Structure formats: C-alpha cells, structure tokens
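Heads up, the next two complexes both have subunit A, just with different partners, subunit B and then subunit C.
Let's turn to the complex of A and B:
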C-alpha cells in the first residue's frame, strides 16, 4: 500500500489541465443541457407549482390550494371518463398498431419492387397531419360520407360511425391505428432486416416451416424493437388529442374525450389552468410509470436475445 | 397568496423559455417622439384580417396624430389563449378585443363606468359585473333564432311563422309530413344550440333571475329546463331532429340548410353573413325563437359583438379609452365591423339583403331587458364553469336516445357536484 500513494499522486493532473480537458465537453454539451432545462425541467416544475394553485390564467394573485386540484381530478366524472377512454385507446391502439404493423412488416419484408411501393403506401398515413386525418375520416364516416355511400350501394343501411357512442369510440381507435401502424411497421421492418440470414438458412436446413422460422427466429431476435414499438406507441396514444378533435370533437355526448382533450378544455376554455396543470402532472406520472413498466417487463425477452 | 414578485419570477422564467424558442418578442418601446403607442390584441380571421384592422383604425390615427395603434395578431392560438400568456409575461396589450369580461378576468380590466359610450352601449348592463362596466361592444349577435326555408313552409302549408313553442312543434310535424327534414342541427358545439333556442326564451322569460338562481343552487335544472328537454326528446322521437345529425359538422350543416336539404335551422345571427355570400341558395327567412304559450315576453339570447376592454396593466389608459370610444361609436367604424362579421345594431345600417333586414328588425323590436345570455352566460348572469360542455354533451345524449328524465338527472347531478 505504501507504494501506491506516490503512484496515485504521480498520476494526478493539475486542476487547470483537468478543466481544460473538460471545457470542450462543457461548451458543446452546455447549450443542449440549458435547452433541456428550459424546455422540459422548468415547464414541468412550473406545471407542478401551478397545479397546487387556483390560477385562472388571468389573475396576478392566486391562492395555493394544496392538493385540491388532484382530488378534483379523481372526483370529476368528465376527467375520469376521459381517463378511462384514454386507457382504452392506449391499450387497444398499442395492441392493434403493433399487431398490424408486425403482420404487414412480415408480409412485405422481401426486396421486391412491389414491397418497396407497399412500404411507402402503408407508411404514408403516418406522415400526414393528425388533424387532416381526423377531418378526412370525419368526412368519410359522416352519415352522408363515402363509407356509408359505399355501404348503401352494397345494400347495407347507414352505419352511425360517429353518432352512436360505441361506433364513435371504435371509429376513433381504428382511425388512430390506420394513421399510426405505418410507424410500427417501419421499425419492425428494420428489426426483421437486421436478423442475420444464416439463422434462417440453419432453420431451413433443420426443416423449419416459414411460420416456425418467424416464431422461433424472427420474433425473439426483434424483441428490442418490440419494446421500443410498445413504449413509443403507448406513450404517444396516452397523449392523443388532435385526431379526436377533428374526428368527433369529443362527442357524441362527450364519449370520445381523451385526457389531453379534457386538459386543454379545462385549462383554456374553462380558465382552470391550475386544474389543467394537475391533470397534466398526473398524466406525466402515469406515462412515465407505464413506459418504465413496459420497458422492465420486456427485459426478459430482450435478455434472451442478448444471451 | 402569491404576490406580484413571485409571479414575476415565474413569468420571467416563462419568458426565458419562450425567448429560447423564438416565440417571444416585442419591439414595444412604449412610444417615441411624443407618440403614445396603444397596442390592441385582436382576433384575426378570414374576415377580420390584419390589413382590415389597420384600415379600421387609420381614421382614428389620422384624427389623433399623437396616438399610434399597434394591432397585435395572436396567431392561431387566438385572443383567449394568448391573453393569459401575455399577462403572465408582463406584456399585456392596452386593449383586448373579442374577450367578454368574466369574474375571473374583471380584476385585470379597467372599469369604464365613467364613459357614457360604455354604459349605454349594446348589452352594457347585461355584461356589467358588480355594477361596473368592463367592456363596450359594437352590436348584437342574436342567438335565439330559427332560420327557415320559405319553400318548405309553403309546401307544408305553414302561412305564418310560429309564435309559440306549441305552434313550432305543430309546424315541425307539418314539415315532416311534407317530406322535409324538419330541424337541421349537427355535432360538435352546435348540438345544444337548438335545445337552448327552444328552452331559454321561456325559462328566462318566466324567470329573469334563472342564471343567478341556478348558480346559487336555488333552482334545479329538471324543474326549470325539464319541459324543454321533454319537448326536445319528443322532437327526436318523432324524427323532427334526425338522430344522425351528430355526425354532421357545422359547415356541412350550414351548407345542407343553405342548399335546401332541411327546413329549419337554429343558429346565431352570424349565419346571415354566410347566407349573404352564398350562391344557389334556398329562399331563407328568420323568426325569433318563441316561448311556450303564456309567456308574455320571451327572452332573446344574445352575445355582444366584438367587445373591447382596456387592461389595468395599460400605461396608456386614456389613449386606449379614446380608441375604444372610436371603435364602438364612430358610424363608419361600427357599420364596417358589423357588416364584416354579420352583426347588427339598431341605428347602424349597412348594405344588407332581406334576411339581414329581418334580423335588424328583430333587434329593433327587442327591448333591452329581454336580452339574455346563452350557454355559460356572462356578466353577473353566469352558470358554473363547464356548463356549455355539459349541456352540449347531454343534448347529444338526448339525440342518441337517452331518456329526458335521465338527462335532467345528469344535469341536476352536475350542478350539485359543481356548486358543491
């Protein structure tokens, strides 16, 4: 031990040199850290502070009311209904987007020109503005829209896609899936393409069918992509707003209002920014917890790939 | 209580964040060269363009060379969303347009009680709060109206417009028998418009303090609105209000009525502006929403058109008051604003078609005390926050098949929970 102390001292660099070495990192990383602080940490902190107040957005004097806004968020039937519908959208949407995305990706993973064209077509809805998609489907699903017109030609009576509660909820979810699955498909395609062909060759030699190859080779090896797809879709759908606004405006009878729709109405239309902030904080926490939960739950599957 | 210092700190942080995104920015130097700068936050729409606003205030600037009016465009977020942000950032405008005063907003506004043009203007008393006048507007947006297709009425053998709800119900029956879609309504915000046009003329006509009594918990929705809800449910059951209307957007509903696909359209007076510009349209008339038989003076739902208020934070309140006086009293300025948005005011005429003249006559025939708010209300006649959303959602439920008594019960529960 006696000899190690002088050696350690010999290795210690002068403080000035240490700072000189660190300076490029600080200078280059500093702006990003500042932007992150200003864009994420400060607004989150402000939202939390506001959630403890009765701020109406106008008054320069407002009162701290403790956790009253949080209690109201769990009492208010509109907020609870919106939270439940958001959960349904997030769950069904995540399952369907990933199921459809994976299915299509598996079908068009080949290198033919037709597949390249199909990838573009399937991905295209994802790059269209959600508002435009909402208005587009609103027009198509309206009582006199194209879909009901087509059904009429086939001898089917008009379907109340946007006017009856169950149909409207289903319409919102399916429109979201239609607009979003292209994103999942592209990630799955990237994952499938990254699987070494030797594995498939070995499986073929062993007599595995296409389905067995997909189930026992492809699926396990794209487990990390699955995790990313699940988390991104889940988090994205918990925040869904614009498609709902354009497609149903939360109706009929408030049945398709999502939590973000409710937050924006309470905050700005109803001048209850404190209450809106409380709901935002709860949403933030729920999103973080669910995102982390899915990530941890998928660790087992990913570990198998690593092993 | 958080005082100004704390809020200023919060505001500073917000401004810092906004500045980083390039969202913030103002070159307001408070005036220079002896010129007082008056900033005016206005809603910019396809009709009310920024160019229009600058043209509108130019005669005022010419007559007042010491005052420079700066029109502020809130962009897509609109005045209602922009003002809280500007107040928080300490960058409040001197004058704000199109934002009716509320009890929340009133502490930030200048009391205009000293100005005759504010206390005697359209709906001045209705919008006052605690006896103080916080806004001055240019005219009326009538709400309790039923536009009708004259051809439909002729085909159904209806020779006079309905003067009571009972006559209106009978007329809807005749229209349906004649093969017409009786009532044109739609989804989104417009669903409850028809129920309110049906109910409020009677409810407020019989009880002018209805808004106050509901807010105080002294009256219940089912007791006061129940008859109107039952009548509306009856209209739905008989097919006078189509069940698939909820899937129709506002512009589509408007076009359907304009093109003669339906017989009666409950809508605000601004519809006249659309009708005036439309081509290949049906021949359209209008009648005031009637009350039930026996109500001597039906109430008329109305909102103020283009209200102007002055912010307490303004350092140029006198100049701002001069500007607002010009905007709400100058014959040309008022007529121009009324025309561009299809609004009305007795004594201020502009070139209008027959439908516009019918509406102007309704304004002239309506006594000042008959005007009532609709929706959540305004001034001292307000209902709890969120009422507009709730009545709209429940009207949609009614059209969707929920029985009238359940809708009444849901509204009673909502009032009980909201008022506490």
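Let's turn to the complex of A and C:
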C-alpha cells in the first residue's frame, strides 16, 4: 500500500529528478549497508558455502562434499560432548543467573545508600572482560590457590575444582553466574522500580503480605524484563568461550570444551575450516530458534498481564 | 588510600542530611527491633557482597607479594612480604607492554565508536523517516544481525578480510568491530529518531539546508542521550572483546589489545602467580576506574540498550 503512492508519483516525474530526490538517502544509507553486507551477510552465506566443502583454510583446491560435515558434526563425539556441555551451561547458567539476579534485586530494590552500594558490588564483574574473570578464578581455584588455601585452614583437603571433571564443569557454571548475574539483577531492578507504587499501596490495603505483593504484583508486571533477561542470557551463554578458555582451557580431558571452543579450534588450529563452518551454521540455527522460541513462549506470560 | 578518603566523607552528609537521611532515621525510631526477616536479609546480602569482593581483594593484595606468600596466606598482607617489584615487572614486561595495550585498546574503542556512529546515525535517520517497504526491509536487514553470533561469522570474515587485503591490520579489525556494533546502534537510533518530531527536519529544509546537512547539524545534536547509551555499550564490548582481536589481528601482527595481551602474558605462566595477579590488576584497573566514575551512565545505558533492543 505504501509503495503505490511514490510509484505513481515517480511515473509523472522525470527520472533524473527521482534520482536526485533519492540521492541523499542513498548517500546516507549506502556506507552502512555496504559495511554490513561485507562483514555480516556475505560471511553468513560464505559460512554456509564453506560448510559444504572440505576446505582446510589455506590450500587453493577443495571439493564440495555435500552435507558430510553436518553428518560428521552429529557423529563426532568431541562435537557432541561440546554441544551437550554448552547446553548444560546455557540452561543452568540462565536459570541461576536469573534466579540469583531476581532474588538480590528484590532485596535491594529500595533507594537507600546501602542498596546503591550493594548494587555496585554485585554488578561490577560484568564490566570486566570474561577472559580476565576466567584467569582470576583459575588462579584462585587451582590446587594451591586461595580457595584451597582457605579450605586447608578449615581442615578440608584440596578440592580438585579445575582438575576433576564434575568439579570443573560446576566451576565453569558458577564462575559464569558470579560474573553475570549482576547484569540480570540490574535489569530486574529497573523493572521493579518501574512498577507504580499505587499498586503496592492498593495491595497493602487489601492485606497482602510482602511475599504476596511480590508474587502477584511485581512478578507479573516485570514479565517483559524477565523475557529480555532470559533471551539475552541464553543467547549469550550458547556462545560462551572466553571464560572457559581462561578458566580450564577446555580441560580436564576436554570435558569443559564448549561449542564455540570447538568451532574455533577446528577452524584454525586443526585446519578443518569446512567442519568448523558447519558447526557454526548449526549454532546459528539453534541460537535463532531458541531465542525466538523463548520470546514466543514468554509472550503468553506477558499477555496475561496486559489483559 | 582508605584513610585518605575517610576525612572527605564527613563533608557531604551535612548537605545531604536534609531529607534523605532524616526519613530512614524516623522510620527506624518507629520500629526499634528489626525482625528476623530483616536480619536474615542483611546476613544474606553481607555474605553475597563478601563473595563478590573477596576475589577483587585477593587480586589486589597478591599483586604485591612473592609466590610463597601468595600460596601460604592468600588473604593476608604483611609489611615484610609487601613489594612493588612484581607490579613493576608486569608494567615493564617485554611479553606484554601494558601501557601500549591501553593506548591501542583506547584507540580501538574511540575509532569503533566514531565509525559506528557515523555509519549508523544517517542510515537510522533514513529508516526512521522513510515510509516505504524498502525502509522497513532495511531495518529488518540490520536487526537480523542481532541474532547472528559474532563467532559464527568470524571464520568467513577472516576469508573476506584476506580477499580485501585487510587481515592482520587495524583497519580490518575496525571494519569488523564497527559492523558488529551496527545492529544494536541502528535499532536504538531508529527507535529514538521516531520520537523526534519531523518539524525539526522541515524547519531546516525551509532554511535551505540539504537533507544530509539538515540531519547532521539539526537532528544529530538532539540524539545525545541515545548516542551516550551507544558509546557506553560499544566501549565496554570493544574493550572486553578477546576473540575478534585474537583472530583478526593475530599474534603475527604484533598488535595486542589488553585482552589479547593478558592472554599472551598469563596464558603460559598461569601457575606463576607473581605474573598472574599483577598483570590482571593492571588489565582490570582502567575498567574499574571507568565504571566507578561513570556508573550511573553505564547502568542506565545497559538498561536502555537491553530493554529497548
């Protein structure tokens, strides 16, 4: 509908004038479109094309091998293990970050000075690079690190935080939660503070307890913030890499390798670029599907509030 | 250092004690005995704060201690083990020139902000003012970038940059990082520009300014709040980015950002704590300082970016 009007008008005007009218728009939009095409859209299609080949990243000849790389991705035990661990990290991380973030946000939602200070304390790790967070915790959780030093004083023997499979997996997840829940907390705080105070006053008049107010007033009204928090955390954790590289370097025995760790290792160190590309296309699809699925699933919860 | 800040803190309270401090005091008088719930709440918060702060404390104090003291007493610092030599060694390390890395990373942050905003603002304006299907398509094109993880495109981006001759160069890195900022930037800019009345454009047009000039001289200055949000978001993400500089610039270029430099310096020596802690402390300090100074803007920017994006 919108296009018919300009088209009709264009037919009446000489072509030169049409282009002169369009020129500013093209000059203003062109560069961004070009950069975006070159660095996003073209690479995305290239990733798909490369995923169908056995290219090693530098030789001049490669052959198209169809969907063989995709079949390999579902067969290769390293990739399957990495995918499973990534799923566990993404699921546990999303649940824990949001649970802890919401819990703390509910406790410090007031405007007092102590609360502002606490907000800063809980949030600060978020602005530090994940790589540095990983190195810091790696130093503290090592067999002779600070945490084991403290446990030693309490008479508890050294805990193999990073050297035994189950402990290492838990350490990765808890380190992520430590550094990330502050972000979720900040968004929850913004949501809680945007709830009109009249609602709480009305609830108090009706004799609702603090918990009932939180459950029946706050929680439904911050549903949109909840959705944003879930989607951002989930999508972010599906591509977790830096923190794992620094904390465990995928170990022990490759048990904490994530899918992005696997993609980068295969593409560059192992010179299996085609295989790496296939895995990244799968990750892209999974990310998009999960992101949209959570958004749509949450739409129900958000609608209930609007009604 | 802690003692120098104390004498200054008593100064502000007399100014502030008018209303905000008076209210909590009167409330406290009304309820003299805090309930079990309140005590429990503060115990939980106190323990939580401790868990957050102890790692920072460990990093700071252990940057000034020898290896055996770090291992035997990680939480304590005594005058006889205190030494500036490790911090100095990290500052002057040949493996990782921290000062140079600060400079390079800051330069990258500035360039990506500049390029990203210069590219995104005009196209967001075209999208926000356009009424045709093309403009909506353009917005959708850019927004689709929000769902493409950077790591997924990184492999083929290396390929594209190699074709362009920009692999292992600063322009190549800036190009990629700028493109990575475009989806969020354009989305937020376009949303903001839809709230800016068209009268401003029309007034500029009446004064004879062309479309492009009207945008930069009349509309862009109004976008200040949203530009500030974007600068905060971009600065944090570029400063903390590790994968893209590691792969696009690569160790062969000899150009290290703070993160890739830390990886080069700490990666191999992660059991030599006299290297680890001072290096991490140096790498973290500017970010912490920036955060403390700009906290309100950073948190406001993140909230605005996440809830509108």
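Rule of thumb we're sticking to: the second predicted complex is superposed on the first by the 271 of 307 C-alpha atoms of A that agree within 3 Å, B and C clash if a C-alpha of one lies under 4 Å from a C-alpha of the other, contacts with A are read in each partner's own complex, and residues count from 1 in each chain.
What we mean here is this: contacts are C-beta pairs under 8 Å (C-beta built on N, C-alpha and C of every residue); 3 or more make two chains touch, one makes a residue touch a chain.
Because the structure is a prediction, the values reported are computed rather than measured.
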Partner chain in contact with A:47 - subunit B first, subunit C second, else both or neither: second
Subunit B versus subunit C as contact partner of A:252, first or second or both or neither: first
A:59 touches, of subunit B and subunit C: first, second, both or neither? first
Partner chain in contact with A:142 - subunit B first, subunit C second, else both or neither: both
Partner chain in contact with A:38 - subunit B first, subunit C second, else both or neither: both
Comparison of subunit B and subunit C by subunit A residues contacted: C
Contacts of A:298 with subunit B and subunit C, given as first, second, both or neither: neither
Intersection of the subunit A residues that touch subunit B with those that touch subunit C: 35, 38-39, 42-43, 46, 138, 142, 268, 273
Of subunit A, residues touching subunit B in the complex: 34-35, 38-39, 42-43, 46, 49, 53, 56-64, 75, 77-78, 138, 141-143, 158, 160-165, 248-249, 251-254, 265-266, 268-273
Subunit B residues touching subunit A - in the complex, by the definition given at the top: 1-4, 7, 10, 13-14, 16-17, 20-21, 80-81, 83-84, 87, 102, 104-105, 107-108, 187-189, 191, 243-249, 252, 385-386, 389-390, 392-394, 396-397, 399-400, 402, 417
Footprint of subunit C on subunit A - complex, ascending: 2-3, 6, 24-25, 27-29, 31-33, 35-36, 38-44, 46-47, 50, 104, 107-108, 112, 118-125, 127-132, 135-140, 142, 144-146, 149-150, 178, 183, 186-187, 190, 224-225, 228, 232, 235, 238-239, 241-242, 245-246, 260, 263-264, 267-268, 273, 276-277, 280-281, 283-284, 287-288, 291
Subunit C - residues contacting subunit A, complex: 24, 41, 44-45, 48-49, 51-53, 55-56, 58-59, 62, 71-75, 119-120, 122-123, 125-127, 130-133, 138, 141-142, 145, 147-157, 159-160, 164, 175-176, 178-180, 182, 186, 210-212, 215, 236, 239-243, 247, 258-259, 262-263, 266, 270-271, 273, 276-277, 280, 283-284, 287-288, 290-291, 295, 298-299, 302-303, 306-307
